[in-house]
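Scroll down for the structure; my scribbles are underneath it.
Chain IDs A, B, C, D and E follow the sequence of writing; residue 1 opens each chain.
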Amino acid sequence: MKKIQLSLLPKLLSAIAAKKALYLPVDGKAGADYKRYEEGDTLSRACRTNRSAKDFFFPQVEDMAAFRVEGKKIEIIDTRKENEDFVIFGVRACDVRSFDILDRVFLADPVDTFYENRRQHATVVSLACDAPEETCFCRQFDILAEDPAGDVAAWIVGDEMYFKAKTEKGKKLLSSLDVLLADGDSAPVEKEKKHLEAIQHKLPISEFNKEHFKPEDLMEHFNDPAWAELSEACLGCGTCTFVCPTCQCFDIRDFKTNDGVLRYRCWDSCMYSDFTKMAAENPRHTQLERFRQRFMHKLVYYPANNDGIYGCVGCGRCLAKCPISMNIVKVVKKIGGKKA
Amino acid sequence: MQKMMQDRARELLSSGKVDRVLGWIEGDFVYDVTPHVFRENDIDQLIYHSFASQNLSKYLVGETKKDGVIAVFLRPCDSYSFVQLLKEHRFDREKVYAIAIPCLGKVDAEDLRAMGIRGITGVTDGKERIILHTLYGDVEKEKSEVIAERCRKCRGVHAPYFDERLGEELTKEPLTDRFEMVEKLEKMTAEERFAFWQDELSRCIRCNACRNVCPACTCEKCVFDNAASGIENKAPASSFEEQNFHIIRAFHVAGRCTDCGQCSRVCPQGIPLHLLNRKFIKDINSCYGEYRAGADLEEKAPLNRFDVDDCEPGDVVGKGE
Amino acid sequence: MQVNEEKFEPTIVAFCCNWCSYAGADLSGTNRLQYPANVKIIRVPCSCRVNPMFILRAFQRGADGVILCGCHPGDCHYTTGNYFTRRRMTLLFSMLEFLGIEKERTRLEWVSAAEGAKFAATMNDFVATVTKLGKNRRLEDLRCKK
Amino acid sequence: MKKEALIPEIAVITDIRIDTPDVRTFRVVTPDGKKPFEHIPGQCAMLSIPGVGEALFSITSSPTNTEYMEFSIKKCGCVTNFLHAVEPGQYVTVRGPYGNGFPVDTAFRNKDMLFIAGGIGLAPLRSVINYCRHHRKDYGKIDIVYGSRSMQDLVDYKEIIDEWCHEDGIHVHLTIDREQPEWKGHVGFVPNFVKELQFDTNKTAVLCGPPIMIKFTLAGLQELGFKKYQIYTTLEMKMKCGIGKCGRCNLGDKFICKDGPVFRFDQLEELPDEY
Amino acid sequence: MQRIGVFVCWCGSNIAATVDVKAVAEALGKEPGVVYFEDYQYMCSEEGQTKLQNAIRDYKLTGAVVCSCSPRMHEATFRKAAAKAGVNSFMVEIANIREQCSWIHKNKEEATEKAIILGRAAIAKVHLNAPLTAGESPVTKRALVIGGGIAGIQTALDIADAGFEVDIVEKKPTIGGKMSQIDKTFPTLDCAACILTPKMVEVAQNEKIRIFSYSEVDKVQGFVGNFSVSIRRKARFVDEVKCTGCGLCTEKCPQKKVPNEFNLGLDQRRAIYIPFAQAVPKVATIDPDYCTMLKTGKCGVCSKICTAGAIDYKQKDSFIEEKYGAIVVATGFNPIELNKYDEFAYSQSPDVITSLEFERITNAAGPTGGTLLRPSDGEHPKKIVFVQCVGSREDGSGCGKTYCSKICCMYTAKHAMLTREKYPDTEVYVFYIDVRTPGKSFDEFYRRAVEEYGVHYIKGMVGKVIPQGKKLMVRASDLIDRKQLLIDADLVVLAAAIEPDKSARPLATMLTASMDTNDFFTEAHPKLRPVESPTAGIFLSGCCQGPKDIPETVSQASACAAKVIGLLCRDKLTGNPCVAHSDELMCNGCSTCEKVCPYGAITYQDKEFRMPDRTMRTRRVASVNPAVCQGCGACTVACPSGAMDLHGFSNSQIMAEVDAICK
C-alpha cells in the first residue's frame, strides 16, 4: 500500500505524464470527461464521466487499413502502428469491469489486434467511489465500487490518496513513482471501504431481479409481451449504446479519400434501423426487436456465452442520458420482475 | 393539473372518443419520465410535473399509423411542433385528439445535479417556486433559477388547431431574450467562434439523439443514413463530419424548427445545439420578417418563398463582427 | 492541384448556372479575359440546384473557396430559381460564418450571359481574396489530404 | 505486428461465368495464382471492393478444388452490383474462412443425403454436393432437388446436366415454377415437388433457398416423417466482421458468422426466429 | 462499370496552343473506366464525329467524354453522333477546355493541368450517368383562348387560320372587350368599331372557332398538350340557338332602370339586353339581378313577345368539359377603381370622369350620341382638364400602382386633340408628370396636339379638384413656370391607371401560372419568351401580361398564336429528360418541393406501399410530371430527405464532379 498527500497529487500526475501518456477525468463544460493530461489539469471527483472509458481500447472511430486503387488493381496498406504506453487514472469500478467484458469479446479467438495493442500498452489506475449517484447500481452486478479492480486501485481517504498495486503492471507503475509515494497503512483504507460500502447499500436502485435472466429462459424472455410496451417510446437513437461502457457493436466502412480508400471501423448501435438491414431483408425490422436485442444481449446472450457474466456494469449512464428515460433498470424490473 | 388530465383522459377513453392517450409516465425517480401510451387500465399512472420534459408531438407520426384515435397532451412549445408536423402532412389529424395543457417551465435533472441538487425523490410545483424533495432534504428554489434554457424564452401561448384546452392559458413574459447567446457569439471574432464551436462539436458522439428526438426530423430516411445520398455517415470520423452533420441538420430544419429545445435537452454531451437553430431563426426573422414555424398552417415557410428585393448574402454575412 | 510551399494556390470551385453564368464564363473565354486556373467550373441547370451539401462537400474535399454564380434576380431562366438560391445561401453562408468559418471563402454572385468581363473580374477578385486567406483549415477533412 | 483478422488479403478474379441473368460465378485466386485459403463446405468468405463495400458470400467451390475458389453471386446490393459489372483481372480483397460449415466428416458421413435448393440457394450447397461427389465412397445415395423460377434461372445448369446427372448414386430432380416451351422436366414449386417425390426418411436433408421455400419445404419434409434433427440449413444475415465481434448477426446467443451459418432445425427451434 | 472513351479536341490551335492535348488524353486514359482515348484536330468535324462513333463500336463504349469547346456549342453535336452509334446521348459529357481553359490561361503547364482536372470531373460524372429517354405525350390539337377582347380575337383567328380548332371563353355576353368601348384609336384616329367589328364577325363566322360567351373557366387539369378544362356557361335565360338577335325584347322589357355597364353606367338599359349593336354573338341576355320575372315570378313580357321562343327563365348554369393542347390567357385589363381618389372628387362630382367614360361620351353609339356633354347637366363643357398618371407611377404606399400604364399619354393626347378639333372653343388642359411617346408616329401625334391643336400641356400634378357650383375648381402646380394654378373647369377627365382584370388571379392559380405582385402574368423569359408563361402550354396575349396599346396587343396576340400553332403542329411532345423525380420510398410527403416548383409540375398522391415488416401502408408521396418539369432543380434542394433528385444533374453526379475537382 502506498500513499500520497492529495496536495501532492499534481506532482504525481506530472511524474506519470513525464513517462507515459496520462489520461484522467477532468471537469468540463458539461460534466466530466477523460482527457489527456496537461499541466494544471485536476482530477475530477465526479463519480461518472459522460463518455465511458471504453474509448481507450475501443475508440469510436479507428482506421483499420488503407487501399490504393489503380484501374483494376488494389493494394492494401497496413496502417497499424504500435500504440504508445499510457495510463488511465481514476477509472471507477464499473468502467474497470467493462474492460473485462470487452476483453471477452475482442480478445477471444481470433484476437482483435487493434484492441489487444491498446490493452497491452495501458495501465489502469482505478479509484474507489465515494459519492455515487442515485442512478448507480454497479453493486447489483456484484461490482465493489469501494474496492475496484484494475492494475492499481486507489482510494481517497481524508486528504490522502492510497494506492494498491493489483497486477504486475501496477506494481511497475507504482515502483516507478517511488520517490513521490510514501508507504501507507492498509487500516484507513479498510475503514474507508466499509464506509463506502455502507453508502452503496443506501442507493435506491436495489431489488434487482437480474438473477431471473438465466440462459435457459432465453426464449421465455425473448417472447415476453412487455417488450412492446417498453420499446414503445424508444426513439431509436444510439445514446444508450454510445455512452454504455460495454456496448461493443461496430461497423466497418470505407471512406474514399482523394487518392484511395480508408477502411475504418466505428461504433454502431443495435438500436439503429439499418443495423441488420440487408439489400432485401431486415430480420429486426421494428424498434421492438432492436430494443429487445440490446437488453437480451446484455442480460441473456452475453452471460450465456461468458460464464454467466452480465453485459451490464450498472454505471447508470443510460439512466442519466436516455432522451426518454428508458433504461436497463426499467427493463430488468419489468421483464425479470414477473418471475419473482 | 395532473389529476385533471387523468380525469379527462379517463373520460375520453371510456366515452370511446379516443382509444389511446399519449402522456408521460414516471420511472424509479421523479425525473425518470418516459412518454407512454396509456389505455384505460394504466391511466392512473399518467403524470404531469416539472420533469415531464419530452415533446410528444413526434410520436403522432408513428401512432397515427395504427388504428384508432389517440389523445395527446400538448404543452405550448409542443403545440407548434404539432402544427408544423400537421402542415407537412406527417400525421393524420383525424386520428388525433389534441389537448392543450399549460406549462410552468420544465426542469432538467442534469442541470440540477450541476447546481449540486442530488438524490431527488420528488417535486412540488408552484407557479413561482418549486420544491425539490431529495434524499438530503427539501430544496426550495425560485422557478426562474432552475428552469431549463429552452423554457426561459417561453410565452406560454399555444398554437391554435388543438381540440380542447385543459386548465387556463398561462401567458408569461419570457425570462430571457432567446437570441442573447447567438448575439454574443456573433460579436466574437471568427477565430473565437471557431474555437467555441470546435470545443462544443468535438464532443459530439453522433448518437443521433438530437435528430431522433427532433419533431422536425421525421424523414422516412435521413440523408445521413442513406448511402445513396453521398453524405451518409455514422460517426464523427473527422472534425469535418462533426460540423457537416450539424450544419446540414440545422439547414434542413431551417424555417421548420419550432425552437422546442429538445435537441439540447437530450444531447448526452451537453452541446448547445439549439444555438444553431436559433441562429437560423434569428437570420430568418431579421431578413425575411418574423416567422414562427408551426404558428400557422397556411403560411409559406421562409425558404419556400421569396421577395424580389430580398437581401443578398453579403448584406447579412459579416454583420456580426 | 499541387500545393507549393512558397506560393499558396487555392482550389476554387465555381457552380455556374447553365443559362447565364456559365454562358458568361464562356464569354469571358471568348473575349480572352484571363482569370486564374485555380477556378474550376461545375455546370448546373440553375443556381437553385446547388445544395448546401455540395458546398460543404467541396470544402471537405479540399476546396479553399466556393463561389456560386447565377442569373441576376429577375432573369432566372426558370423565373424564380435564383430567388430561392439567394435565401438559401444567405442562411447557409451566415451559418458558416457563425461557426467561425471565414466568410470570404463563400460567395454568391449574379453574372449574366453578357457579363464575361464581370465573370473574369469576379474570379480574379475571389481567387485573390482566398489566396490571402490561405488554406482552408476550419472546414477541412484531414482524411482527404495526401 | 501479428495478422489482423479484419484486414483482408488481395485476390484476383480470373474468370466470370454468367449463370443466369442475375447470377454470376466468380473464380478467385491470390495474385500469385493460388487458392486464397482452405475451407470446409458451407463456410463463407468476405469479399470486398474498397470504396464499394464488403460482404459475406458462401464459397461455392468444393474444398477438393485445390486451385481456386468460386463464388456464385446474385445481383442484389451495392457490392454485388459492382461485381456484376467487373471484368476478369479485377482485384478484390478476400478474408475468411468464416463459419462452422457442414458436418461433412461427422454427421453426414455414410448418410444418404438429400439436398434441396431453390434459386441462388444452390450456391452454398454446390460446395458440399461436390465434396460428397469427390468423396463418393464416404456417403450413401445422393438426391438433389433443385428448382428455380425458370430454366434460365437455374444456377450451374451446365454442370448439373453434364456431370451430376451422369453419376452413379446421384439423382437430380429439377423443377421450374412455370411452364416453358423448351422445358421438358417437372414444373412446380420445390416444396410440393419434394412431397411428390416421397423420399424415405432415413436421409439427412440439407435445405437452402428463399425463406418462403424453406418454410414450406420444412413442413413438407416433416409431413414425410423427417425429424427436425435430420434437416440442416444455412442462414444468411448482414455481417460486418465475420468473427463474432461486430454484434449484428446473432440469433439469440449464437452468432451466425461464428456458430453458424449451418444449423439443424432442432437447434433453430430453440433460438429466436430473427432471420 | 462504364467503358468510357475520352476524346480531346485540339480545336485547331485554339486549344492545342495552350493545352498539351496529348498529355491530357494520356492522363485521362489512366482514369478508372477509361478504355479508350485519343486526341484530334477538330472533334466537331465530320471526321471527328466518325472517330467518336467508331470508338463507340470498336471499344464497346458505354459513355464518352469530349474535351473540347463549351457544351453550349457542341454538346448537342456529340450527343447526336453518339446516339447514332448506339450510345444514349446522355452518356456523353463535355469538358469545356476551350472557353474555360485554353482561352483564358497563358501558361501551358497550368492550362494542361486544369484541362486534366476538368476531364476527370467529366469522367467522374459519366460514371454515374444513366441513359435517359425523353418522355413523350400526345398533343390535343385544340386551343383555348380565355378572354374575347382584341387580344383573344386576334390569337383565336390566327390559330384558326392555321387550321386548328379554337374555343374562346368570354365572361361578358359579347366578345369585343375594351376596344369595343373605344371611340377612335391613336395615332391614326380611325374608328375602333370600324376595325374591330369585322374581326368579331370573322370570329363568329369561322368554322374552327367556338365562342363561349357569358362563360367562365371553372377548373383546369392536366399539362401542356393535355389540358382538360371545365367551362361554366352562365345561365343567360335566353336560348342562344333560338335567339335571332332581333332586339325586340330589349325594347319592350318594362324594367328600364338598369345601369348600362357598356356605357360605364352613364345611361340605362333594360333587364334583358344586348350590350351593343354589333355584339357577337348577337343574343339577348337577361340580367337576373334586375329581371322582375326572375326575381318575383311576375312579368314574362319578353317571353310573350319573343317569336323565336328563345326565352327560358328556368335555364341553369351548365358545364362543358373539353380537352385542349394549349391555353391562351387574354384576360385583359380594367381601369382601376377611383373611389379612393377623393382629391380628384371622382365620387363627389359626376363631371369628374375617367378617360374610358370620356370615350363613351364622345362615341356616336354612346349615351350622348357622340356629342360632348357634361354628365351632370348635359351642357357643353368649355374648359376641360385632363389629369394623367392617376394611380400610375405611384410610390407604392398609396392605393395606386407603381408601374406606368403606358397608354394614358397617348389616349389623353387623342382626347385633347379630338376635343379641340370638334369643339375649337373648348379650352383643354393636360396635366402630366412626363409625356411618354415611344412608338411609331406617337411623338408626332403628341406634338400635333400641342402645336396644331393648342392643347395646354402643363407639367405638374393636380393637387385637388373642388366642385363649386357648376364648376370644378382644379388646383394644380405648374412645375416649369413654378406657380400654382387654379382652373375653373367644366369637366375633369382622369387618366386612370390600368390593372389586370380581377379574374386573372384565380385563373392563374387554376393554371399554376405565375404572376407578379401586380397580378400581371409573368413571362417564361422577359426578353426571349415574352408570350409564354413559365408553365408549359400556357400562353399570354395582351394586357394580362402588362399594359399595352392596341398594335402591341395585336402583335403579341399573333406572336402568341404562332407559339400555340407551333405547339399544336406537333403530334407528340418530347420532354427534356433532365427532369426531377422523386424516390417514393424516401418521400415524406411534406409538400415542400411543391411549394418551390415554378411550374406546378409536382403533385401529391396517396399510394400503397409494402413496408419492410411486410405490412401495407398508404403514404402521401410526391410525383413529378415529366412533361411539365423543366429541370431547374429547386425542389431537389428543398427536399430534406433527398428523395427528390434531378436526372442528368443528380446529387451524386455533382458531388462526383466536386470530388474530382478538389482532388
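Some notes on this structure:
Everything that follows uses one rule, which is that a residue touches a chain if its C-beta (ideal position, glycine included) is under 8 Å from a C-beta of that chain, and two chains touch if they have at least 3 such contacts.
Since this is a predicted model, take the numbers as computed values, not measurements.
Both chain B and chain C are touched by A, E.
Centroid analysis (C-alpha atoms only) places E farthest from chain D. Chain centres were defined as the mean of their Cα atoms; on that basis the chain farthest from chain A turns out to be E.
The distance from the centre of chain C to the centre of chain D, each centre being the mean of the chain's C-alpha atoms, comes to 53 Å. We define each chain's centre as the mean of its Cα atoms; on that basis chain B and chain E are separated by 46 Å.
One finds 39 Å separating the Cα centroids of chain A and chain D.
For chain C, the set of residues touching two or more other chains reads 52-53, 57, 61-62, 74, 80, 84, 88, 143-144. In chain A, the residues that touch at least two other chains are 69, 251, 255-256, 258-259, 268, 277. Within chain E, the positions touching two or more other chains are listed as 596, 638, 651, 655, 659, 662-663. Considering their complex, residues 1-10, 49-54, 76-78, 80, 86-87, 89-93, 211, 236-238, 240-241, 243-250, 252-253, 270-272, 274-275 of chain D touch chain A. Touching chain A in their complex are the following residues of chain B: 27-29, 31-37, 54, 59, 109-110, 113-114, 118-121, 135, 199-200, 203, 205-209, 211-213, 225, 234-237, 262, 265-266, 268-271.
By the touch criterion given at the top, residues 61-62, 143-146 of chain C touch chain A in their complex.
On the chain B side of its complex with chain E, the touching residues are 65, 88-90, 218-223, 226, 228-230, 252-253, 300-301, 303-305, 308.
Interface residues of chain E facing chain A in the complex, by the touch rule stated above, are 30, 32, 612-613, 659, 662-663.
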